[in-house]
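Supplied in structure tokens, the structure appears directly below.
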Amino acid sequence: MNFRDVGLTQEEFEIIQSQLGRNPNDLELGLFGVLWSEHCSYKSSKSLLSWLPHEGRAVVQGPGENAGVVALNDRLHVAFKVESHNHPSYVEPVQGAATGVGGILRDIIAMGARPVALADSLRFGTDNSAAIIQNGVVEGIGRYGNAIGIPTVTGEVAYSSVYDKNPLVNVMAVGLLPLDRGVNAQGARPGSYLVLLGQPTGRDGIHGASLLASQDFGDATEHMRPTVQVGDPFMGKMLMEATLAAIATHKLDAVQDLGAAGLTSSVAELCYRSGVGATIRLEEVPCREQGMTPYEIMLSETQERMLLVVSPDNWPGIEPIVQHWEVPYSVIGEIMDEPHLVITMRGDIHAMVPPEILAGSCPSRPARSEWANEIRQNVPHLTSFRPLTFDPEQALAVLGSVDCRSRHRIFERYDSMILANTVWGPLHDLAILRTKGSKEGLAIALSGPGRYAARDPYSGGLAAVSRVVGLLAAQGADVLGLTDGINAGNPDKERVFRELTGLIAGVADACNIFAVPVTGGNVSLHNETEGDSIWPTVVIGAVGRHHHPLEPVPDSPWQEGMDIVRIYPGGDWSLGASVFELLFSQLSAYPRPDLERIRRVYQALDEAWNKIPSYGVRMIGAGGLFVAATKALLAMPASLGMEISVSPDDAVRQLFSEVSGQFLIFCDPQATPRLMELLGPGIAGEIIGSVTPDSNLVIRAGRAHRFERTKLDRTFRFGYGG
Amino acid sequence: MTYDVVVNVSLKEAVLDPAGQQVARVLHNMGYAMEDVRIGKQIKLRFQAADLTEAKENARQMAEKLLANPVLETYEILVTEP
Amino acid sequence: MKVGVIIFPGSNCDRDTIEAVERLGMEAIPLWYTRKSLTGIDRLILPGGFSYGDYLRSGALAAQAPIMEAVEQAVSRQELPVLGICNGFQILCERGLLPGALRPNSSGEFRCTWEYMRITSVPRGFAGLKEGDVLRLPIAHHEGAYAVQPGQLQSLFENHQIFLQYSDETGSVHALTNPNGAVANVAGISQGLVVGLMPHPERAMASYLGSSDGQRFLKAWLGEGSQ
Amino acid sequence: MTYDVVVNVSLKEAVLDPAGQQVARVLHNMGYAMEDVRIGKQIKLRFQAADLTEAKENARQMAEKLLANPVLETYEILVTEP
């Protein structure tokens, strides 16, 4: 076997030779191959990710562990992270997506958290097979989440032909743990057992996720298709209960899930983080198939497995727990002082490598901060697409477009209510969960407006962070932390690496301005097929502390006569990168969000809860004001309607602009002046309409255009002309 | 002519069958000396074709394109002459 | 009153159910599926979930669990009120303790939505619910289409065993209010002291969760509903 | 002795098969002259039994008690001699 067979470069191989002081044998080469792959080592993104701020008052655990952890209050911590399963979902949509859900759940379980929510961010193509892929992915996410019993409470989806052969499946998991429950992968002590729990190991996905995710997908890799991993949510459930019960004893040294690159990655990372070595006896690993070689056992990506480290003294207290939950298990080795990972099979040593070299020595690609500066300065030219007259048919086409229409066909296939915490589920722009036994609840938002990054990744990064922070601000919720899922093409190409640089710089700058930390995330590169790469796509998940979860700030009006106010951070009403533009012109650049002003809008919203007796608020997003108003209308009692006026010469731009930082506020006319006072200088607040007693939407742009509620409802639910 | 064709779809041998595993476990607990259980689909098709050769070819295409997922499954075709 | 809640491997609404029972002031006793006796239990709930992964057919594998022997005996002695919710309902049908079977939804897809449903006849022992009452409860299932052997439906109606039917807000039952393809929109049935329903009352315990009709339903089953 | 037994479980004839109908519709749209599609399960059992008679009897019991739901389904048993 040659270093190229396992995806290593000449340079990397030479580093391995010099650090080991010898040539690695085949098994060792395989271990390096997966651990030094893009997927496991983050070699192309690590230095870019170092730009992200990790510090925050609520941060308990930043990046570097299985998931980030933040403090909800003085009793509860929240573990959360986003993870991608893009390539596997293209190869086999149902199982690819299902195992993605299982994988991210195990990440937060390994931190000691009991999962309470899932959220999914999906990108699909527009060709014939895209619908089949979408159907499979949704089926897979539901199949796993529903069966293991964790609600999928929010999510998002978007479409573009750039995702035809590279769909994106990013899933976020959120879990809760009592303060004293935390574990991690750093506490392994010499002499302790390595206990492998869960599904017996098969030849699943050998050299699969990790290697495929590190190469471009194309005909050349077709023959490398591994045995597809099949998710078993039932085993996942038993494993979750067993692991959480074992952690609750406080008798474990460390816990590490098995994800990409299976045992190899989990043992190497565990040892590296704990500063120890380990011996593994492969004949002790329960296998599903006969005659599996050391190479296969070490690289298998069989799902539903977890590694516990427990001292011989404590093991007798743990074993009965594992037995109660009927999870297969085996003591497969011990931790040792000497910093070596020794892999044996029936007494023969098959590999012996320092974990430090395996997990800590992969060279990484340097970040180019001068590129980031260039990108910051290089504000894209905005085209001046100014359609003049408002056409109601165009409005309906925007509402019914794939980018705006109702997602009920997706989220109704997910159990969004199990665990009985969901106060706001997928019918809203963000999810709000109560937490049992605490006054504070969770606000969870997930978003990654991809179109905005298509022409100017930096703007896309800014907008993604800005959107989730805004969704939480509208509820008066404190952002505890963010998790980011970064998806892009082949980083060896300068264009792609530049895009990645812009995207991450945007996320970092926005996080700094809003003073919110990133506590973890995921990077998926090589999302390209035959040279065509996806738009650089960042998905941001936010977890916030909601102060009154049982009474969210409504997102639609509830009473006749209420004012409809639009807040706007100023600047030009650009249609750049909007759905309107996509449908009726062509995609131009998204206007750079003015974060300073947006921050002031958010501050005002944050204060509103304390100063204004009752009001509603809804963020304006895809489809602009028209779509936001329609969604609010459809959520109101059927007897109520809205009338909204916009300036006749600028109607189209005012109704369809997707510029960041716009909100609709619904409030009692008496309270409107107080609301306006909260808005700082330069922030525009304007009464644009009111709630009427006639159930329909009337848009006044010079003349009045009337949209029947039933027509809006049908268009929103089934698409334009549907 | 009308043909009755049965397409049996089963998981590839190396692919995990969680449903089969659990059924085996329960049958074991019910007292049977189980070694293995695998669960597949039996799809009974009735359709028109010009002759037996065409019927077989049609069934093969249906299995390839729709009935079996080539990533995970294999299939076999049984034709009963009309 | 001691309300037993059976936990099968793969049950996942057990915690929600226990909490709902406790919220109504009752003592909830978790019962692991390997138990062989039900002594000391006054009422029994089989909660929702994916017992044994719902593999083969939903509820089929759990129906063979050791504790179901004891349930069957208690039922045959007519001494234990039993409530099956969602997967619990499927298990009771698979065990033959309720007539009929639950088939995959006609859409072939899992479905989680809020639905209205009408009380068609009040099962034995329910207090505070009357015929024609409409409840709003969530459903969340993949195999929830109630089915019976050809010809059996009539007698179930005649025996007042069909107790819950998917309806509209006003209680009228028609094809458009059928979320899953259940025969005659059946959402729940009863047989003696055994009751099963697909919707999840334990998730509808407070208006901030979407409805408090679940509380009303469970109170009635516990015999605590206002008369 | 180890026996391989196949239990084919299918819906009773009088019972509607929405999944089968769905597949029939798709195949029809793909251009095949479908008259009917019914989808059942094919369960492959491997277990120990003293002899062929016992193996058959065991399989029958498994089908009756677990593998088929008598409300809606029927089954057939195929035994391959070891």
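Chains: A, B, C and D, in written order; residue numbering restarts at 1 for each.
By definition in this document, a contact is a pair of C-beta atoms (placed from the backbone, for glycine too) under 8 Å apart; a residue touches a chain by one contact, two chains touch by 3 or more.
By chain, UniProt protein names: B, D = Phosphoribosylformylglycinamidine synthase subunit PurS; C = Phosphoribosylformylglycinamidine synthase subunit PurQ.
Bear in mind the structure is a predicted one, so any value in this text is a computation, not a measurement.
A.B. asks: List every chain that touches both chain C and chain D.
C.D. replies: Common contact partners of chain C and chain D, which must touch each of the two, are B.
A.B. asks: When contacts are scored as defined above, which chain pair ends up with more C-beta pairs, B-C or A-B?
C.D. replies: Ranking B-C and A-B by C-beta contacts puts A-B first.
A.B. asks: Could you put a whole-Å number on the gap between the CA centroids of chain A and chain D?
C.D. replies: Going by mean C-alpha positions, chain A sits 42 Å from chain D.
A.B. asks: Distance from the CA centroid of chain A to that of chain B, rounded to the nearest Å?
C.D. replies: So the centre of chain A lies 38 Å away from the centre of chain B.
A.B. asks: How many angstrom between the C-alpha centroids of chain D and chain B?
C.D. replies: 10
A.B. asks: Note the residues in chain D that touch 2 or more other chains, in rising order.
C.D. replies: 65-67
A.B. asks: Could you list the positions in chain A whose residues touch two or more of the other chains?
C.D. replies: 232, 234-235
A.B. asks: Counting only residues that touch at least 2 other chains, which ones in chain C make the list?
C.D. replies: 52-53, 55-56, 61, 64
A.B. asks: Going by the contact rule set out above, which residues of chain C touch chain A in the complex?
C.D. replies: For this pair, the touching residues of chain C are 9-10, 12-13, 15-16, 19-20, 49-50, 52-55, 109-113, 138, 140, 142, 200, 202-203, 205, 208-210.
A.B. asks: Using the touch definition up top, name the residues of chain B that touch chain D in the complex.
C.D. replies: Result: residues 2, 8-10, 23, 26-27, 30, 32-49, 58, 62, 65-67 of chain B touch chain D.
A.B. asks: Would you mind writing out the residues of chain C in touch with chain D in their complex?
C.D. replies: 56-57, 60-61, 64, 93-94, 100-101, 103-104, 106, 108, 147-150, 181
A.B. asks: For the complex, give me every residue of chain B touching chain A.
C.D. replies: Going by the criterion above, the answer is residues 12, 14-18, 21-22, 69, 71-72.
A.B. asks: Help me check something: in the complex, which residues belonging to chain B touch chain C?
C.D. replies: Per the stated touch rule, the residues are 18-19, 22-23, 26, 29-30, 39.
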